[in-house]
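One structure below.
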C-alpha cells in the first residue's frame, strides 16, 4: 500500500452514493495535499526547476481553481471569486476558460505568498462544503460527478507534487532531503516469463468505480500470443546495459532518442550520479547509494526502449499490459512504502509489482480508444487534446495515491520525460 | 495513373524472377530520377529551404550512395569508391555505417557540382550493371533483394525530389514554375458516406510483390463498425473551416497543434496565399488561382484533425483505411495526372481517390505491427528507428511513382509537417 | 539625498584612516543590505525573473562570499568556510576563483533558505570583525583596502537589489508594492542649454576618496565645444516621441536597436503600461499613474539614442559629462527621495539633477582609460573583463547609495538593458 | 600591391574631375567584380554558409541594386527597373528604401539564376553609362558623387566576395580551391617596438580623395605616449599562445570572449585545422600547411585581445594607429600578393605591413567622431546606424582593393567575427 492509504478513503461510487461520504472524501483529499507539503520550507513552494515542473504553491492553488471554475462559479449562487486575477494565474491550460499565465513562468511568482494560497484553499473549501450541503438536499448528480472529477484531479496533482518536489530538491547542489526516510533492504527475486495466449479480449474501464474519459469506451482488441516479465527491470540489470556501453551504441536507440542523447540531455537515469566511482541516486530522503535490487526508475521512453532492444526483448503494448493486470487485484498488490522510492519484490511467484512501484512504459502511443469522443466544453480539454506525441504508462508508482491506481488507468508522458517515477517491464512475442 | 507510369516497369517479382527484368528496371528507375531533374536550373539543385528539404543534388547522390554502400562495397570484388568523402557526405542517417554530414547543412555544399554528381551516378550505374550481370550467373537472391530495396528507396526519393523542388521554388519570392503544366478543370462530385461493419480483419502486406519491413507481419486486428467518406475533403470545404475562424478556435485543436499555430508556424495550408482578397496556391506549374474543386493538400496532421473536429467527424485509423483500400484495385484507380497537383474526381459512386491523389492522414501513430522486428545491421535503421512521434499516411499522392502505391504502404511524417502532398479523408463511428 | 543616507556613513578615507571608522562603516553597510530586505516576503527572496536579475537572497549571500573569499580565507588564520558548497554557489563570475553556479539558474535554489543566508552573513560578519580588530593592531593597509572594496561592492549590490526587487514585483501580474511610498508632486522646470568650450581637459578619479580601477588613470582628453541640457528628458517629453510614432520609424534607430525592437522586446520604457488609454508606471510603491513631470526612466541605450535623434540632438560622451559634473558638488545636489523613483526638479537655474535621479546614458562605449591595466589575480576580473559591448552611464540614480555617487563613477550596461534606473540627458555640438 | 591593382585606376578626384575618367573607372570597377567570380562554378554563386556570408550572386546583384536605387531610379528619366521584385530582394538593410528579403535567407534563392544576375548587371551598366553621359553634359556633381559612392561600395563588396567565397569553400568538407595559387616563401623579420610621444594630434579624413562619412570630421585627439610593434603577430607567435593553453586560461579573456569560447564557437583561428599533429590552414588556394612566418589571420577581437593580454601588451587604439599610419605612404607600402593570404615581411626596419596584409583589430569601439552627423535619407544608413557593439579595424588586407586602402579608413566588425582577414598588431604604454 502506498503513503496516501491511511489518509484517504477509496472512491467507490457504488456503495457511497450518499453525499455524506463525498463530503468526508472531499475533506480527506484536500487535507492530503496540504499534509504533503508539511515538510517543505516556504522557499520550496515557489521554485520551477524546468518547464515540466510546477511549484508546489501552484499545485495547491490550481487544484482549488479547478473547484472554483468548474463548480463554485457556475453552481453556487452568489459565489465570489477569492481574487479576480487568480482566474488567469491558476488556469493550467483550459483554452475555453480563457487566457492563462504562461507555463514556463510559474516559478516567477513570489506572490501570492504561501500563506495567501492556503487562505485561497480555505475560501474554496468553505464554499465547496456549502455547495455540497446544498447538493445533498437537491441530490444533484451533476455536482457529485464534478466533485469526484475535482478530487481525482487533485490526487493526480498530489503525485505531481511529490514528483516536482523531488526535482526541485534533486536539482539543488546541496541535495536536500524532503524528509528523513528509511530505506527498506530487500533482495529482488528472479525474473520469470509469464506466457499469455491473447486472442480477442476486452480492455477499457468496466464502469465499476471512477475512471477518466480516456479509459473508455471499453472495447475489443485482438492480441497475438505474448509473454510478460514477472517483475520490472532492476537497477542492477540496467547498470549492465550502461556498462555494456548501451548509451554509446546507436543500434539500440530510436532515432529521436539518439538525437536527444547526443545533445547531452541524458546519459543515465535521472537522479543517478557517480562519485568516486560509486553510484548514488537522489531520493526524497536525500542522496543515497544506488539500490541495486530496486526497480530502475526515472528512465524515459527512449531508455526503456533501448534497454529492451539491448536485452533482445520489447516493451509491452498497453493492451497486453491491461489484459494481464485486469486479472490482478489492485489492493492486494499494493505495498506500504514510506520510502517513496520503488522497492524490490522479494517473492518469486507469479506476476509481481504491476501496481504501485513504477509507472511502466508501454510501446503504445497515447491515442483515443475506438468510439472515444471528448466531452463538450472546457472539461473536454482534460485528456483528449493531449492525444498526440505521448506514450502510455501503466500501473502507478510508489508516489501515486492508492485509490488512484487501477488496471484501466492510462498515464501519458512525452518520450523524453525522465522526471516521473517511470520504469521498465519487458515483454516478448510468442510464436 | 501518374507521371512516372510511362517510364517505369511495375515491379512484379512473381513474373519477373529473371535478373534480366531487374536490369531493365534498374535502368528505368535510375533514369527516371534524372529525367525528373531535367527542368531544373543548375542553381536549383543545391538549395535546402528548410531542414526537412534536401537539395535535388543530394537526392541524386544519396540514392547512388545507397547502392554503393549496401551492394557495391560489400558484394562487388575490387569495387573502388568514387570519392572517399562521399561515404560520409551522402549518408543520410545510418549510424551503423558511420558519421554523416549534418542534415541541416546539406544546402551548404556547392561541391561536388551537379556535373560531378551525375558522374558519380554513372560510376555507380556501371558498377551495378557489372554486379547484376555477375548475379545473373550466380542467381544471387541476396543481390536481387538488395537491388529491389535500392530501387524502391530511389522511388521514395523521386517523390521527395518533387516535394522538395516544390518547396524550393515555392519559397522563392519569384514563384518560379518547375515546368509549364496544364490544369484540368473538373467538378468534384458529392461526398457520400460508405459504411463498414468491421470485425476481426487482417491487415499488412500479403507478400504479393515488394513491401517494406514495416508493412509486416500481416496480422489480425479488430475493427468496430465505421464509415468512411467517399472522397477527400476539397479546398472549397476546407475554406469553409477557415472562414468559420477554424484557426482561431482552440476547441478544435490538439494542444500541440494549437501551440504550433500560435507560434505562427501555420495558419492555412502550405502554398496558399491571399492576394487582393483572392486565394492562390503555389503549384509545380507556378502560382495559380486556388482550385476549389480539388482535394485540399499540404495540410499537416493538426489541421487535418482540427478540420475533422470542426466537421463533427474524425480521421480514420490506418487499419480502417487499409481494410477498405485492400478491396480496391490500385492500378484501376490511378489516374494520369501530368498536372502534379491533386485533381477533383468527378464521379459519384463508390469509394474514390484512395490512391494517387493526396496522402491521407490517419489518426494512427506510426508504431510497429505485432511481431515486427527490424532486420539486423544498418538496413534495420531504414524504418524501425523512426517509430516514434509520427503519424501514418496512406494512399499515395499525385507525385508518387505509380508502382510505389499499394494498400499496405505506410508512409509516416511528423504531425507538424505540411510540405508533403497530404490531405484529409473523414471517417466516423457507427452505432 | 537618497534612501541610504540616514543609515550609512559616507566613506571619507581622508579623515577616516583609523580602522575604528572602518569597523563602524562595515557594520553600517552590512546592516543597510539587510534593512533593504525588511519589507520583503520570504517568497520574494528567491525569484529570478530574467537572467540579469539575481534573487535578493543571492545578493545577500554573494556579498558575504566576497568578504569570505577575498579577505577571510586568505587573511584570517584558521577561518572555516560556513559551507563548502557556498564557494561555488555564490561566486558570481570570478573564473580565477573557480567554477560557479550558472547565472540563469540562481532562481532555482530554494536552499539555502533565507534564514540560512542570514546565518551565513552573521558568520562572515563575526569573522570580519575579528579580522578588522586584528588589522587594527597590525595596521594592515591591505586588509583595509580590500575591506573598502568589499563595502563598495556591497553598496553596488544594494542598488542592484532594489533594481531587481522592482523587476520581481513589476513582473508579477498582481503588481505588488515593495512598500507604501508617497509620491511627491513637483513641476519640472524648463529645459535650458548650457554651453561649454571644451579644450584639453582632465577626466578620471582625482584620488580623493574611494574609486574603482576603471575610473583611473586620470588623464587628458580633448573636447570640442558642446552644449548640455540643464535637466533630463521628462516622461511628458518622451511621450511626444512615442506619440510621434518614434517606435515605428527606423530612421531614428541604431540597426541593433531596430532589430531588438522588431523582435518585440520593447516598445516603451520598461514598467510603462496603458490601461483604458491612460498611462501608468510600475514603481516600488506599486502601479501608479505616470508622472509626466519626472525624468523618463528605464529606457535602454537604443531608446535614449533614438529619442536624441528624433529630437535632433545627441547623447553626451562620458568625457563631456564628467567635465561638466566635476564642477558640481555631489552632496549639495543630492535630494532626499524616499519615493524611490526619479522626481522632477522644479528649479530653473544651472545644471540640474546630474546626481542621484537617473543614470544617464552616454554615447561612450565602456572602454579602458589610457594606461589602464586590471590588477593581477581574481579581483582583476571586477571591471576590466567587461570592457566590451557595453555603454557608460553616469550620475547615479534615486536608488544609488549616496556615498556611491561621484563625478568619476562609471556605470556600464548593455545597450538593450532597460531594468536599471536609466534616463536621458541631451547634448549637442557647438560650432 | 594587391590583386586588384592591375585592373583598376585609383580614384584621385583632384586630377580626375572630368566625367570621362569616372566612366572609365565605372567600367573598371564593375568589370573587376565579374572577373573575381570567373573561377567559380555556377553552384558556388548561391551558397550562404552562415548568416554573415552572402552568396556571390547576391553581391553581384546588390551592388547593381545600389546604382539602380540611388542613381537610376531617381535621376535617369524614364528608367525602368529590371525586375520589380529585385527592389526588395537585393536591398541589404536600407529601411528607408523599404522592406527587404531577410538576410539569413539569401542562400535560399536559386532564382534569379547567375545568368539572370549578369543580365541585370548589364541592364544597370547600360543605363548608368547613359546617365553618366547625360551628366557629362550637365556636369552634375550630385551624380558624380553618388557614382563614386556606388563604386566604393562595390569595392567593399569585392573584398567581401573573396571573404565569403573563402568561407563557402572553406566550410566544404572537400576543401576545394578558389583557384591555383602559389605561396611565396618568406621569413618574417624580427619584431621591433617603435615609440611615439603622442600629444594633441589630428585624425580623420583630410579631404584629399574619397572617404566615407564615418571618417569625418577630421578632429583633434589627445594621445598619451605609446609604442607600436613594427609588424603584425605571426602564426608562429600565435601558436605559442595556443601551446601555452591560451584558450584554456580565462585570465586572458574578456568575459564575453570566454563565454563565446566555452560555447565551442572557436578554439583557434578560423581555417586552422590539425591533421595527424600537423597544422594546416584553408586558403583560397586550398588546404595548405600553416605558414609559420605569415601574420596570423582570421582571429576575432576576443582572440586578439587575449593574445595581447597573454603577451603582456595591449591592442592599439584607432587613434594611435592612424597617427602612425598617416605618416606612411600607402602606395609605397602595398605589395603585390597574388597568393590572397597575408605574407611575411622580410625587412627589418621601420613600421611594416600597416597596409594591405591583415586588417588590424584596434581596441576602439566603433563610435561616431565628434561632430559626426549621418546624412539625411537612406544613404544615412550606410555607416551611422552600425555604430554600436562593433570594433574598428584598420589598414586593409591582402584582399582589399588597392585604392580602397588609406590611413583614415575605418572598417568595423563584431568582436566574435573571425571570417574577415583580420590580424593583430601589439601596442603598449610608455611611462
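Chains: A, B, C and D, in written order; residue numbering restarts at 1 for each.
Rule of thumb we're sticking to: a residue touches a chain if its C-beta (ideal position, glycine included) is under 8 Å from a C-beta of that chain, and two chains touch if they have at least 3 such contacts.
This is a predicted model, so every value here is computed, not measured.
Enquirer: If you check the contacts of chain B and chain D, which chains show up for both?
Expert: A chain counts here if it touches both chain B and chain D, and no chain qualifies.
Enquirer: In terms of CA centroid distance, which chain is the most far removed from chain B?
Expert: Measuring from the centre of chain B, the most distant chain centre belongs to C.
Enquirer: Cα centroid separation between chain B and chain C, in whole Å?
Expert: 60
Enquirer: Report, in whole Å, the distance between the mean C-alpha point of chain C and the mean C-alpha point of chain D.
Expert: Chain centroid spacing, chain C to chain D, equals 38 Å.
Enquirer: Round to the nearest whole Å and give the separation of the Cα centres of chain A and chain C.
Expert: Inter-chain centre distance comes to 47 Å.
Enquirer: Identify all positions of chain D at which a residue touches two or more other chains, and write them in rising order.
Expert: In chain D, no residue touches two or more other chains.
Enquirer: Could you list each pair of chains that touch one another?
Expert: Every pair of chains meeting the touch criterion: A-B, A-C, B-D, C-D.
Enquirer: Can you name the residues of chain C that touch chain D in the complex?
Expert: Going through chain C, the ones touching chain D are 93, 95-96, 200, 219-224, 250-251, 253-258, 301, 317, 363-365, 367-368, 370-371, 380-381, 385-389, 415, 429, 431.
Enquirer: Flag every residue of chain A that touches chain C in the complex, lowest number first.
Expert: 41-49, 85, 88-89, 101, 107-114, 168-169, 171-174, 176
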